[in-house]
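One chain, chain A, appears in both complexes that follow, with chain B as partner in the first and chain C in the second.
Now for the complex of A and B:
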């Protein structure tokens, strides 16, 4: 009944009445055996979602019957090859258990599974810090252009000029957007970008003859930052945030010394707050010979407005799968280019794209100070095509408006939910807003429970329990993709859940109610993991 | 809640008893949630006060364990390898390692039960 669900003119009361009328009778909840009347369900539903038949589907192995096949092949009309002769000991005789199913069974299997998914194309995906924005169809169109889709990295440079031109143009665009001097597109994702960036920091300090030992990291940082620093061999020193949730400049000045290689800062930080002392932070680092690394995960709040290169950042990564609209999550792959200032350029991973004397583009491998290659070939090329399509489709003004809309949307949600949920830091929000479960915790309902209930309302949950400096954090990032109507549905859902917590906290603690399966037993899964399917004996 | 007075506490939420047993506090296990794995050092490992000596993994997070004092590990509570939930059941009984404390004076700088309780209630501010 899409026209019914979409009818915005109905008052809430009218809507609930119509929904009550539309679904009659009792339904037994599959998940906990309790009988819940439709009325009870509907009272707690909003306009975004209703129930729908959900197809049960087992494992593909369970559908198998011996000898069944999707295709019947014609008899072999070439001489048979003796595989054992070719492969020797490497020949695998026992292929193990393989599912044997017909074509329609396999199509239905995966189609049914796909209906269990949640996706940005179904609705808002407010997973804070992940920038789950819409992946425009034009990106997909361009990436499927034959010459790009079928290009091969082993093609000679001479016939790869188009692909090289894309690498060069995207590099130039990202350099302009970040205000940096040079870039590598190789890293496969954000944390890989961090690793590449810190390898360059290490190579830089080595070249100065003074390899340093420590990396400073604020307590609001993404967990990948300390992990990266440790991977590169640095000791991690924690930097406490001040009362506004920002880097404490005095504490930084006190902790900064000649043993510190770099500060890794996220700006805006994980509270969605812009570090407005960033110039002073950079000066403190540079005065003692340290570098400023910026985690660009939150670049969606800056594009077209402020450039890290202009506020003292020496090295930073971008997440094309966040800021530049390439597919995220299971869809990926990711892409984490690293942009640097001139002083770090010699250390960039090789090869780098260069313009040659004859006017063509090519790869330069002669980079004696390079940290080496960090990724096979030249990175996730398909993502470069999509990111460039996004940049060109928007243009400079469009990108600027994207930033403005992302910030506007986050603040619209902030305004809508302020008073209903606790706002631990009142500092102005940029592209995301962090609430806490302080009010609801009094009824024993925590951020994870509210997130689970949000699934019943047809939304992907927000980020729970992060950043670590907020107890019971609820981190919400709508991105610019959301129209006001969707934001209103989200606010309505969150308010409705808050009301449920007051009326009937146990109902929220038992959620989700409207999903295929109830809450998973994460403890049993961690303590007694079953990692592979085995046929029943 | 009241914390046992027969031991000292750290701001990182470990306790150490007079016989050198080390564990985490009830408050720590409560904020971590269900503990699914505890990684501990081997007997003979030298611990340094304030440095990590192991990790505790819950469904929510993996957290470092910090040594309340310097010393050599003389015993490890092997039960926790198969029954990490013991820490949730009674954190003040489920000791993790026993150490031969190098310098007993180091224990003097740690928190008393009353001070720790005060620290925890202040920390809950945000």
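Now for the complex of A and C:
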């Protein structure tokens, strides 16, 4: 449609309508006698996103044909070997349906796939408790510097001083930021950090003669908390939140006894609320010999403003892929360092980084009380490089300003949407805010439907249906990375959707309308799982 | 601060809109005595150029410019530049777990293709979207076998990567899973007699690595037979994924727990790497980790979603198959692109080069020192026993910008002066010859052994 694209006299709206009219002819969806697409553009003129051509792309296997190749090996400089003689019956003869494609096809394949994703680089990604902040590119650059990217984990310590220096510097920074005494960087992700932390809790109690039986977990907690407790052989006891969405201190006092090893608390909790009585909580735990574990998923609300070590936390994990800007990469890799108070230091996973008498750094494996290893080698080192680069780029002033902006942004959204969406807890918000779909549910529209409609407006949805203590939760965490303009667009989009729910709930229930594919049949996917491609018989 | 997109005026306007006087009012929920009233003692804010300089300096202190014969679970293979060009696209790099399928089809389709290729290469029916690494994947596989069989005992080969064994010990401690370790024979393979004696009706699984820590390829079928006849599952750990290009995959296994670092992932001083788990279809509901599945939208169009989530912690909480949430997605994408680049023919040719370099190197070392475990076939690692302590040899090699093999005494005290050497397609003949020459110098006083070792063949 070059004539349409070229016609600059049309207003944006007219242009959309004409483009849309053309598209509407293809599927002719109609509600109330109007084309769906007409309604879409009449109802709102989203300022953030416009529909755009999206390339189709099949599975890579569907492009494969014998003889195509994207690889080239140098000539062999040693004698060829007779593989069947060397390997005998262990020789593999055929690699089945592995693809054969050229380099340009690979570039196009993955580039096309990439354009079907939403990303922080495209705009606000307000997933609550996920801290989708800007991932600085210098982090990527320095993680790929030769010597760091090529370092072998078993190269001698004397030629690993650079890597050890990075481990040590990051450890020192994280200890200072959390107000704790010691740290391990070994865990590969947040849940892995939880596992490590609870192993240490268990080892600590064991050293006192009684490993104890239970872990207390608030009903607002992330699902990894109880799953982790189970992996460490602990029973999980639920702790009800009070009417402010916080730990019920009286209930805690009643439930706490010598069988409880620890309380796993998230602070600010998953409602974005700071546990005001955190010190009292710590005292209740400590009075009966228990420990206070803090899930650091929400540390983005605290860095440079308050330190868990100062308010009674004994052990906590951090998510470098949340607070410290290492990229989420479509689900990983993460990194989940665990910081502890002095009493837990003997139990840290081994090895630990130590300064040696000759002034060099090294690994200490002689840790008789250690919980052991939780991962081969030393952890997700590449993430340490990125997190440290982030800390360097910020400095103390930048880290503090970052936290302040994160909290400012969340409260700005809260103010903007209060009254439009139900706020189940009016307790003050820190870095995230949780609304509910209570008002919209009366029209049959739930949090997931609003989330899907938000996609049409060019935003990634917020976190849906979590925390579990809020029915129809809409958990929004903007992070510090959003300018005011983007926040205004988000608020506008959410208000517009609320208006749509009033006028035409079915339209929202049918969303998203502008994505490559509409809502997928998840039930069929789970009932008869198709988890790999197979050639047609 | 250059990452923060707000002017002082913006901040003022926002505070006003919220209805508070200052930013401190927003932090009032934190009791005053816990509010930090000083700067954090971390390095001052740096310019980008300073950050780059700092890390380049660290790289210089980190053996930059050396060539290495180290393997042992972390392998140096060539990484086609296409990999980093693609994984640095912001839509992959800065996206989240694809819970909102309509807005993450790129990631989901990529995972589906990854699962397909891993299943194909490992000889299993299906694979998950990734685990943290090979060590935790192996530990999770043991726990999966315990769930499937309802039994609580695991038998583990001593030739499984020693650090993987340590991780399994850590995981198993509080699960009530006793572990029995099985020694290796002179062939470098697991002692089948000892294995037979150790596997009982109460055993959940047998776990071996192949090629094992010494580079030796195990007789997987013989091990499977012993495990299966007692009702135990067989788990095969693979640390060197490139071996799958030329070594028959462990089709007789029930679970394959693989470290895929060899497929395009930087050595990176040990991480991030990419664990993968693959299994038989009948066990899928006990498998940990994310899975992408194919389905259709309401117009019948093909699409992909995360599926079988009822295994996972965010649904099942303490009854989940694992606590894993974040995985290694972007690293899995590197692996995916690597597998796509080499594909059906290239992976085989790549593996053949690894085999050829290693056969040449082992033969050359064998002229001057004792190459152990030469009866069974090997892939790209071999154990060299010297008269001189290998650390001392390595010190001299370092003078020639070569990092020698991994001294094994720390993990296998009984092997004395043995070291584990690794060759890949990146190891040049001249590198091998230089290293062999230096080892030969130190062995000069020793009786010259049989010129060609028994590179023998089954």
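By definition in this document, the second predicted complex is superposed on the first by the 478 of 537 C-alpha atoms of A that agree within 3 Å, B and C clash if a C-alpha of one lies under 4 Å from a C-alpha of the other, contacts with A are read in each partner's own complex, and residues count from 1 in each chain.
Operating definition for what follows: contacts are C-beta pairs under 8 Å (C-beta built on N, C-alpha and C of every residue); 3 or more make two chains touch, one makes a residue touch a chain.
Remember, it's a predicted structure, so these values are computed and weren't measured experimentally.
**Student:** So, A:526: does it touch chain B (first), chain C (second), both, or neither?
**Tutor:** Touch partners of A:526: chain B and chain C.
**Student:** Have a look at where A:182 lands relative to chain B and chain C in the superposition and call it first, second, both or neither.
**Tutor:** neither
**Student:** After superposition on the shared chain, which partner residues are touched by A:103: those of chain B (first), chain C (second), both, or neither?
**Tutor:** Second partner only.
**Student:** So, A:470: does it touch chain B (first), chain C (second), both, or neither?
**Tutor:** In the superposed model, A:470 contacts chain B only, not chain C.
**Student:** If you tally the residues of chain A touched by each partner, is the higher count for chain B or for chain C?
**Tutor:** In the superposed model, C touches more residues of chain A.
**Student:** Mind working out whether A:343 is in touch with chain B, chain C, both or neither, as first, second, both or neither?
**Tutor:** Neither partner.
**Student:** Would you check which partner chain A:394 touches, where first means chain B only, second means chain C only, and both and neither mean what they say?
**Tutor:** A:394: touches chain C, not chain B.
**Student:** By the touch definition at the top of the document, which applies to A:253: first (chain B), second (chain C), both, or neither?
**Tutor:** neither
**Student:** Which holds for A:116: it touches chain B only (first), chain C only (second), both, or neither?
**Tutor:** A:116: touches chain C, not chain B.
**Student:** Could you list which residues of chain A make contact with chain B in one structure and with chain C in the other?
**Tutor:** Looking at chain A, the two contact sets intersect at 522, 526.
**Student:** Please output the residues of chain B touching chain A within their complex, sorted ascending.
**Tutor:** Going through chain B, the ones touching chain A are 34, 36-37, 57, 59-61, 84-85, 124, 126.
**Student:** Where on chain A does chain B make contact in their complex?
**Tutor:** Touching chain B: residues 424, 465, 469-471, 522-523, 526-527 of chain A.
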